[in-house]
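Have a look at this one before I ask anything.
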Amino acid sequence: MEYTKQEFMAIITGREIKDGELIILGVGLSMLAGYFARFNHAPNLRPFTEGGVYGSTPVGGLPWGIECNRISANATSFTNAIDALGFLVLSGRADNAVIGAAQVDKYGNVNTTGIWDEPPWKTGKYTPPRVRLNGSGGASDISVGCKRYLIMASHEKRRFMERVDYISSVGFLTGGDSREKCGFIGGGPAAIISTLGILRPDPQTKEFYLEAYYPSTTIEEVKENTAWDLKISPDVKMVPEPTKEELKNLRAIDTTGSLRKKG
Amino acid sequence: MEYTKQEFMAIITGREIKDGELIILGVGLSMLAGYFARFNHAPNLRPFTEGGVYGSTPVGGLPWGIECNRISANATSFTNAIDALGFLVLSGRADNAVIGAAQVDKYGNVNTTGIWDEPPWKTGKYTPPRVRLNGSGGASDISVGCKRYLIMASHEKRRFMERVDYISSVGFLTGGDSREKCGFIGGGPAAIISTLGILRPDPQTKEFYLEAYYPSTTIEEVKENTAWDLKISPDVKMVPEPTKEELKNLRAIDTTGSLRKKG
Amino acid sequence: MQNKLLSIQEAVANYTWDGMTYCNGAALPVGSCSIAFGKEMVKQQRKNLNVICHCGSQQVNLLAAVGAVDRVEVGFSGLEVYGFANGLNRAVSSGKTLIEDYSNGAMALRFFGGAMNWPFVPTTVCRHNDQQWCSSDYPDEYPCKQKIPEITDPFTGKKYGALRTIRPDVAAIHVTMADIYGNAIMLGTEWNRFEMSRASKKVVLVADQIVHTDCIRQYPNLVRIISEVVDAVVYWPYAAWPQASPGLYDSDSEHMYYMNKMMKTQEDTDEYCAQWVNNWNSHEEYMALIGKDKIEKISQTDTAFLMDPYRKWIRSDAEIRELQDRTKG
Amino acid sequence: MQNKLLSIQEAVANYTWDGMTYCNGAALPVGSCSIAFGKEMVKQQRKNLNVICHCGSQQVNLLAAVGAVDRVEVGFSGLEVYGFANGLNRAVSSGKTLIEDYSNGAMALRFFGGAMNWPFVPTTVCRHNDQQWCSSDYPDEYPCKQKIPEITDPFTGKKYGALRTIRPDVAAIHVTMADIYGNAIMLGTEWNRFEMSRASKKVVLVADQIVHTDCIRQYPNLVRIISEVVDAVVYWPYAAWPQASPGLYDSDSEHMYYMNKMMKTQEDTDEYCAQWVNNWNSHEEYMALIGKDKIEKISQTDTAFLMDPYRKWIRSDAEIRELQDRTKG
């Protein structure tokens, strides 16, 4: 069965989501992965958005935003940001989340704020970025509060960096116990799901290594597309291809085929 | 026209309430004074309760509580305590309030918490009170946050004290600039309306003095019923008796005659 | 979503224990409160409770009167026009129950801070007064410095207090209506129930009515307590009696005065319990005890119109019984 | 209560000024936002604005694109699926607009703290990352220590950050419906609008519908913005267009993309303004510009049923015109 890289990513991310989890989802891939999981294997998943939209299933296609009418047509509750990001995320209550990254580094720190020719941490000055991105939104809150969370990113060398230009959402900072020392209640990123494979943090160093790669790629290609010296798990695996069932279930969610268009 | 002391107190307190004020009211006399004022001379008064009940007019008699159905039958909004006591009172936004006192002292500090044979400030220990009262409720918040507020109390020697057993709601503490030094956003008590007269704080010492007394009493009687050496305003006045109009308007609010029963 | 209906007996058996920190969702002393749940706790003889009330109500009045409360934190312990809480005050004056006083605004902030899972929350109130200086936890220290210590705003240098936040073990929250999954709508002031539902480790809803989830989806902005944080739903009409539930019934002023009068002595409290707490099990018996006339009288409330939009979604007793049977272990 | 209806022109004239701190009530970048109000600000040529957005929207995208924004504080500046906010990002990259980044959770807390009138609010987020270390207000200090200084919990000794709170001069808050006194009901996520309405020194409501106060009294628990804190009410159907208003209309995806594309250059922004911002005055002209077909299309929303309970209380245009005339100076 044919499928796109985006679809594969959504399915792999979905596999990381367990039944019953209280999970905060964002727009796009995040939401698709979450609702796919609920439809596929996690019927008791409790998804919500940072706007405090609870109990919803999107209608009419992928929502344009996490407050879009497509996700507001069958909610059981609408509350607010203090509730969703404060009481449920920063409190340490939410189990899981899926966030995106424009840049991610070897310790799972995420940048979604801006691209600099010379970033502030190099120049010691906060100058305007060459390219302004979006800021962190709720991802920074997720990175601090959720018990664990998943990072989705396009696997390219300019994105998988030794150190991101700007830490929007904390991962394991400089590795080792540097995150632990900060006292965040959340456990940090559990995995980076990329367009080429699955990366996990080393339990000691917290450096992300390659745990598994897609059938469509090779370990060499993954390494070539990673700016740090990517370590490979001694028992590195090939990621099992999407099953027919999984693809069917994903497409039942991605009714407008947004993931198929992207290639 | 016949009237009771309680009615007189409610009317005098009502006279202290200005049109347009954002005012927080409690049960009993406080509410009656407030709604009397709105009906009598302050049509644009904006009363609310610490439960976050807005836009209400009591129906069916004096409410049993500030969340009672009698004040919940025509509200324009029900919110909550954070909103009413936090956002509107502690923030410094509310203009006025009316609170009660079991004991009040010469600096307008109020006790509604307990009565001790030997209070904690004398013994240096926090032992159980001989008589437990109610605690401060929202009056402590009012004492800190409202631009000004009015204290209503029964004028008896055991209640009008040199120093209250327990400061539930701060007045001017030990007088002078002692309140100012605490940095509270609210201005403190503007008046004590008692069953015998009206007391105001001296602008310098903040000690409450007798500004006016009721036609039914004498300056001597007021002094006898006050445990501190009550100072009398050089131009002490007799409080003008309730007008027919005022009494009519009060009784239109106090439909069940709760103030007439008390004598 | 999971059907969370439980009988009141099961809910108390599963979600309360001796020595726990217990909150009850009262919209102030005359309003919405899970009083029936508290009575069941008395029946199941819970003791050594640490009760955190934003405001007292007849529930804590009763629990303290029977000697089940070791400690209580409160902003206001009285019953408003119905007077001082005789049962609680008796327990406090005797030294049986330690009482820790805050302002109502401070209690609200403490629930907010608990919901955030902060250990402290800033305050401008409960400072420079005896709510700061007196602590039952540090009775020998006056003025107490440990109850509400000082913090400094780093921007202005201004001093604030730090309040301990509240994270109760369990809150039994009274709501007007809920669905079987634990999505709830409150009519009347929320008081602290939104924050309490997020601050508590476990939440039991005590609902006067059970509605279809269609009602919940028609009014999602009214659904301030969500299934995501609720552990159990108890269906118990007139659960707040003798207090009020806006939209459904008024406070029973006769019984409010009577009950409070009875809490004044141990003997009368025992008598009250024998008659009004311990001699019902089913909801039918509970209703019979209140009496048909009384039910009719308190149900003729001026707030009844507030329920109009939701009536068509109210589930019948028979339906609920069937749904409840499904959750039985 | 006072009739507070004002025309959009009067409201902008009376409640906005150059150099002000301005908030707009957006339920995130695709939802409820007082966009028509922002367009009127462009027409009245407001400049040097300090805009505080919880999330960006097409409003701040436009205001920044025309060069009206000196500084912006934001948790998220993009347009979700509609992409990066080209107008804002152009202004930021050029250095015209300084941007101060926080997380969305931090922004929510900053509004909460502003509503409390605290100078700071504790935080566990925006610490140990560049949201703490980078500040447009202290560009030469990296890592910045002044933006989010450290405070210590006095109970545990644990370290927290202190966020500056927000007390905007004026917030223009989009709501689904309001009465003429400023009591408002929002459908869909509130996002920060409750806290924003309390944190702001002045509040202007921009309402898609005006309802009778009977509607407000039927649903008081839905009324989260209250007349007590509202200064003016602007009646402007489709005020959030091209964004969405749950219950009333979907986002206009075609125009969302188009508008954002036009914000990319100064020239196209000027062209966009000439066509879509500056050539309407009356609401009739505004509607004509959007076009009948488009109005019909976006109004066929799957959320329409959310409005059902309130339709009977909606006031007609003629009624509102009459009421509005009464408030004219």
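The first chain written gets the first letter, and so on, giving A, B, C and D; residue counts start at 1 in each chain.
As a convention for this text, contacts are C-beta pairs under 8 Å (C-beta built on N, C-alpha and C of every residue); 3 or more make two chains touch, one makes a residue touch a chain.
What you are looking at is a predicted structure, and each value in this text was computed from that prediction instead of being measured.
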On a C-alpha centroid basis, what's the spacing between chain A and chain B, in Å?
56
Between chain B and chain C, the Cα-mean centres are separated in Å by 28
Averaged-CA centre spacing for the pair chain D and chain C, given as whole angstrom:
37
Multi-chain contact residues (two or more partners), chain D
124, 158, 187-188, 190, 194-195, 220-221, 305-306
Multi-chain contact residues (two or more partners), chain B
78-79, 86, 90, 185
Connecting every touching chain pair, does the picture come out as line, ring, star, complete or other?
other
With touch defined as at the top, which chains are paired up in contact here?
A-C, A-D, B-C, B-D, C-D
Chain C residues touching chain A in their complex are 1-2, 115-117, 179, 181, 183, 194-195, 198, 213, 216-217, 220-221, 223-224, 226-228
Of chain B, residues touching chain D in the complex
22, 44, 46, 48, 54-55, 74-79, 83, 86-88, 90-93, 185
Taking the touch rule as given, give the residues of chain D at its contact with chain A in the complex, in rising order.
27-32, 54-55, 74-82, 84-85, 88-89, 92-95, 99, 101, 103-109, 112, 124-131, 133-136, 138-142, 144, 158-159, 187-195, 244, 246, 250-251, 253, 256, 301-303, 305-306
Would you mind writing out the residues of chain A in touch with chain D in their complex?
27-28, 49-53, 59-60, 62-70, 72-73, 78-82, 85-86, 89-90, 109, 113, 120-121, 123-141, 144-145, 166-170, 173, 182-185
Touching chain D in the complex, chain C uses residues 118-122, 124, 149-156, 158, 160, 162, 164, 185-188, 190, 218-222, 305-306, 308-309
